[in-house]
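Given below, in the form of structure tokens, are the structures.
Okay, so chain A shows up in both of these, paired with chain B first and chain C after.
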Partner chain A sequence: MLPKYQTEVPQHFKALFDQLGRQLNGQKDHHFQELRIKGGKNLFDMGFPTTRNEDYKYTALGRVFNKEYQLPDPKQPGPEMMEELRGLFNSEMDSHRICFYNGQLVSELTEVNEKGIGFFRLSDLSDEDLLNGEVLKHMDHTLSQTNNPFLHLNTALCREPLVLVVDKDHRASKPIQVVYHYSANDSDLIANPQFFVIARENSKFSMIEKHTSNPSDREVAVFANVFQRWITEKNANVDHTKIQELSENDFIIHNLIASQEAHSHFYALTADLGSRITRNNLEVHLLDSHTQTDMFGLFIGNANQHIDNQTFLDHAVPHCESREWYKGVLSGKSRGVFNGKVLVRQDAQKTNAFQQNNTLLSSDHARMDSKPQLEIYADDVKCSHGATIGQMDDQILFYLKSRGLDDDQAGELVKVAFLAEVFNSMDEGAIKNTLAGKVLDKLREIQ
Partner chain B sequence: MSDSMQTLEKHTQSEYKYGWSSDIEMDIIPKGLSEEVVRMISAKKKEPKWLLDWRLEAYAKWKTMKEPNWAKLNIAPISYQDIIYYAAPKKQKKLNSLDEADPELLKTFERLGIPLDERKVLAGVAVDAVIDSVSVTTTFKKKLGELGIIFCSFSEAVQEHPELVREYLGSVVPQNDNYFAALNSAVFSDGSFCYIPKGVRCPMELSTYFRINAANTGQFERTLIVAEDDSYVSYLEGCTAPMRDENQLHAAVVEIYAKERAFVKYSTVQNWYPGDKDGKGGVYNFVTKRGLCNGFRSRISWTQVETGSAITWKYPSCILKGNESIGEFYSIAVTNNYQQADTGTKMIHLGKNTKSTIISKGISAGKSHNTYRGLVKIGKKADNARNFSECDSLLMGDRCGAHTFPYIEIENQSGKVEHEATTSKIGADQMFYCTQRGLSVEDAINLIVNGYCKEVFNELPMEFAVEAQKLLEISLEGSVG
Partner chain C sequence: MLKIKDLRVSVEDTEILKGVNLEIKPGEVHAIMGPNGSGKSTLGFVLAGKDDYEVTSGSVEYQGQDLLDLSPDERARDGVFLGFQYPVEIPGVSNSNFLKMIINSIRKSRGQEELDALAMLKLLKEKLASLGMDTNMLKRSLNDGFSGGEKKRNEILQMAVLDPKLAILDETDSGLDIDALKVVSDGVNSMRSPDRSFLIITHYQRLLNYIVPDFVHVLVDGKIVKSGDKSLALELEDKGYDWVKKESSEVMA
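Now for the complex of A and B:
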């Protein structure tokens, strides 16, 4: 297996990389091209991980690499698809809208018109633009630090990086709704959207992100390899919710790296309801003191789903607080993985870190592998972690049934209550309701 | 420098109490490892052919294996060819009584405090003392013999009970289980063998004191405990090693085979030479310990107090194969100066209604690193399995590290698994409370650390609990964050 992942598979992507290079002839001299080339080079040097890699111990990627992926068509979608995409936005929510189709921006459906919020294609920024330099510098640094090959893959095959900036002291008037829709029809499709988000000093906004794909009555698969880089500057307060509902033969690797400056608050909620294989790489680096980090996750798996959540929290500075809580329900033959790591470096005194993973198994063949890790080098800290895995409590079910609920109702109530702890952590009412509705739908579906 | 810092200095600098070596004439083979050495060890011990073949097989497997590097340990490369694989005190003749034993050797035992004399007989402890690989003296054999209990050195067992040894050797820890187990299988020099027949409750604690004694000698002992149906035994193992400048390698294997309703309790106090305060020297301790609960309601309980060794790599495990079998793991691991410990347990639930408990208390001081690494696995067929794990770490000083890496793999929905862990230091409020009641800083720390470890001390046999508490004091008392 090892040689294949390091030679053959990257070679396939190399062909796509060359193809993209030809297509991009026009913007070849843009500085991002340098990063693309670097990403490609790193990827081919590094290869892809196998289950021998400790971080991929429970997630075999053979199924993902067993395909002949094609790059998405650079053309904008046709009118029919436009209509479909429009329908994917939650119309009840008053929000800004950003739409991606197969990882590429659909400008017709994108509306971000508020003074204080800027949304750009990286290629639209001129070389002299300070923002351009800033983004490139950050990306270059991130890529040189990482050992995650999927970031390199994303960079190498990304057609068009996008940038969102919320200005200093600006509080967004409404949330930003981002729809990522993928559609594979004749061939396997790989999408590599890259998104750079900057929350300037004292700014505040929330974003809800949704991943969907066309229905799965098809042989071909979608492989979404998403990369987001978030910068939260001093005192900024951001809220990021992700709902993933891909069809049941699709793959998603969602990479998010955030860095936080002093007194900032970063909140991330990851809800995984769909896909065949999901892998979330969520990384937060604390650059200065008095930050607050929240990582919440919920996952519901059934059939052959595989949901892998990897989180890494780097407490490098003192006086920071973090909470991490992942909860999930697994049924069918689904498999869940939680691998959370909290690193508290020597200087990070007075750190307060909490990490928990609870999983409910509701079928004989479901499987959960959990690995909550603490690595601590500072002594004046309060760190705790916990993990529980089990099934529903018979006594609770009996009580509910004695009150007249049938099996399904009782089970549903217990599961909803179990997961509610996660989505109750959300501030934004509209987003919370959207998520709660989807969770309920999914729970009913798996019963 | 504050008072507390001075206390910390004083104690972390306290010299290793058991650092001496006795001058006993040794029977040593040339250093290095080869097929010839394996044959030589086997020949010296007059082993039957099947055992030699077994060793050679293990050696062949070892040669194809690689040193593991996944543990969170920083180890200077080990040169396996610079180690002497066999050293035995030269025996003039077979000894009939203690009086004939080498007075040097007896003095060694005395300094170790091994209860060989009459007084200690009343204490009811049978001792099989191992000095550098070969068992020199065994007591209480007769008394145990009356009950049908076999408790002797491994080489003796090979001579006198070959059928038992042949049946169970490698049944829990196969030759190629891991790098160090394979090495041990090839070159193990001696160890203890214990067999408890059906329905017998061993009337006394069985204990073995291991001691590494010759410079440049790796010690590779092998312990095999077989408990038949409805039997009970409590087995104690304690270790001290003399001070050495060069790192000494220690790769032991302990196998426990428990049958229906058998209960084996295995307690360890390990205080080998941890190296000096600059991290020089110290024992490398790579141990494979595993118990197999093979029958209905069999039970294995591991208790360990780990204060010594420069490097500890040790994961006493239980394979819960029988229905309703029980596995327990209670551990205190203390590291100071430059010590590194990567230790924990594996609880592998295969039978129905199996239960396991893990209580691990780590204490790190100085510049040491203490890692808990544990696996709880519930197999597909292990209905209603139950696990509770608690892993706490206490940090003393801001240059040490405490890490927790629990692996939880659940394949059965009826399993119930709980894991919790905390990391903290001794609270200023706790210290304040104790000191305002008149306790010195040192006593207050002792009190708090002892309280912190109480759950594990409670699992130790009495005489061990006392020794363990003393060890803890020597190892780290006196630290306020």
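Now for the complex of A and C:
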């Protein structure tokens, strides 16, 4: 018999959807409820993907759906958890702060106070507010276009979408630090944060986003199903770094869709160090010419971790440039998947697209499935793509050891060196240092 | 310092070293010459602990202990240094970070205090200057895109900071221009001391004008077929290897 999730969306997801509907009764009139209900309907029509779906060929999600998830408690966390959450921010980084606990905003720990940067709950915007209409219109459009059921799941089970707007011509004075923390205690927990980010014309800012969960000495699991929609308007310049460090029983599906207007620059760095199963769906749509898109990825897996990066870059217009480079180190019995699709449509002349995935397997039992795909329908373009999967080079290791470095030091040096291009793509500063520190810790832990 | 007895070494069932005997006393400089493929680099790798090689018989004693029992990093920490004939390139590792890392790890293993950033910089600058190297070399990736000569100087730089007891230099002179040869030789000569020994592998007698050896050995087909003093190198330069090959087969016949 087929597992249940392959034939229908498990009953308890429907039950959660109904439960949230009852809880949100008071906000019934808000237009987001219409979207939410649409999301639920789409999800139940569409169902969850199985490994027979080409895009999920290497990532079986049975383990994820096989749980009796509960919705997060709508109450704000207690004082002890507040302290813990506060500690998750990098206090050495002068930054704005946004805190999500189990996918819900923690207002006490959220501080975005800069003229030119707006941060709202969607439900706080009045129906007449232009921003409200704009966000809902985009969301409706995105959801009607997608075949990704996790966007529908997120919308169906999201309590309150958040909106960040960086105003026209505004250059943020400091980065925005976003902490997503999850904690499952007595039951399995599902979290569905939804975040809408708008970089207005000629604006500039950077964001660092971290995902963590409570320690894994528990039977129950967290399932974080994140949805972010980024709009980068004309000449906007945004820089987004995500560091995922969930505990080893947890699941995360991180969905990010960005669109870029003319002369904009979108930089995304996706770093996955934790979780049992990670799936990243990163999509960038180019709406106008002379854009620059950077998609960098870094993944380090050990034990039974499974890290799947799915990216889609749509070159629909001419004169755009993109760089995509994912690098990872897999040890233990971990598995990695890279499925990067770059589409260069017929109109996209003078496209300059680079795509590369390199993986270092540091154990005989680790495995990588890499599928870089470049589909080109224009003739005057510069495009390249490739993938390598290799082992540690014994000649290099011997050279290092002959200088007195022990096995661990030599291995660490080789791995760090292997990841160099990803770090080189980052600006110098606190975000880079934070990531470098975490990567080093993880590499030491898996030796 | 080093006692090699009847050392036989194979790679994938092919015997490469066929019974090497060699003793090096503290403070001595020995040179090994020999035709291509005779096993000179193999000897260096085996002494440094590369595990592609199988020692089928014989023994190597270093400072009273069984060298073959130690891992490559233990040997390095105990003072064995191999300057590679072909140093490997490691893109992504900065030369300065690498040097700092090996200096501090060796200091730690010798019970010395680690150097702080300032002391480290001072040490590196000093050593670089003495080898006529540009400080820009520190910023670059380890050996990555280095010219042949730059790589060899970088090997000598590593030797200088690691302060070994036994330095094996495998064709460190190949690829060096005349000035560099002089600088590198000066570097080696300045490190000569009564308790440090050198094993210098070279094809060229010219190097031995700068680094004057106490003994010269000729390795042919996995065996030392002739040993002598520095004049042997001159004789080889003059007459070629056929001469020793012939002589040794006559001796054996």
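FYI, the second predicted complex is superposed on the first by the 438 of 447 C-alpha atoms of A that agree within 3 Å, B and C clash if a C-alpha of one lies under 4 Å from a C-alpha of the other, contacts with A are read in each partner's own complex, and residues count from 1 in each chain.
Please note the rule applied: a residue touches a chain if its C-beta (ideal position, glycine included) is under 8 Å from a C-beta of that chain, and two chains touch if they have at least 3 such contacts.
Here the structure is a predicted model, which means the values were calculated and not measured.
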Contacts of A:59 with chain B and chain C, given as first, second, both or neither: neither
Touching partner for A:417 - first (chain B), second (chain C), both, neither: second
First, second, both or neither for A:401, with chain B first and chain C second: second
Which of chain B and chain C A:391 touches, first, second, both or neither: first
First, second, both or neither for A:349, with chain B first and chain C second: first
First (chain B), second (chain C), both or neither touched by A:310: neither
First (chain B), second (chain C), both or neither touched by A:259: neither
Greater residue coverage of chain A in the superposed arrangement, chain B or chain C: B
Residues of chain C that touch chain A when the two form their complex: 48-52, 71-73, 75-77, 81-82, 84, 87-88, 90-93, 98, 101-102, 105-106, 109, 158, 162
Residues on chain A engaged by chain B in the complex (per definition of touch): 54, 58, 346, 349, 359, 361-391
Footprint of chain C on chain A - complex, ascending: 393-396, 398-407, 409-410, 413-414, 416-421
Complex contact set, residues of chain B against chain A: 70, 380, 393, 395-425, 481
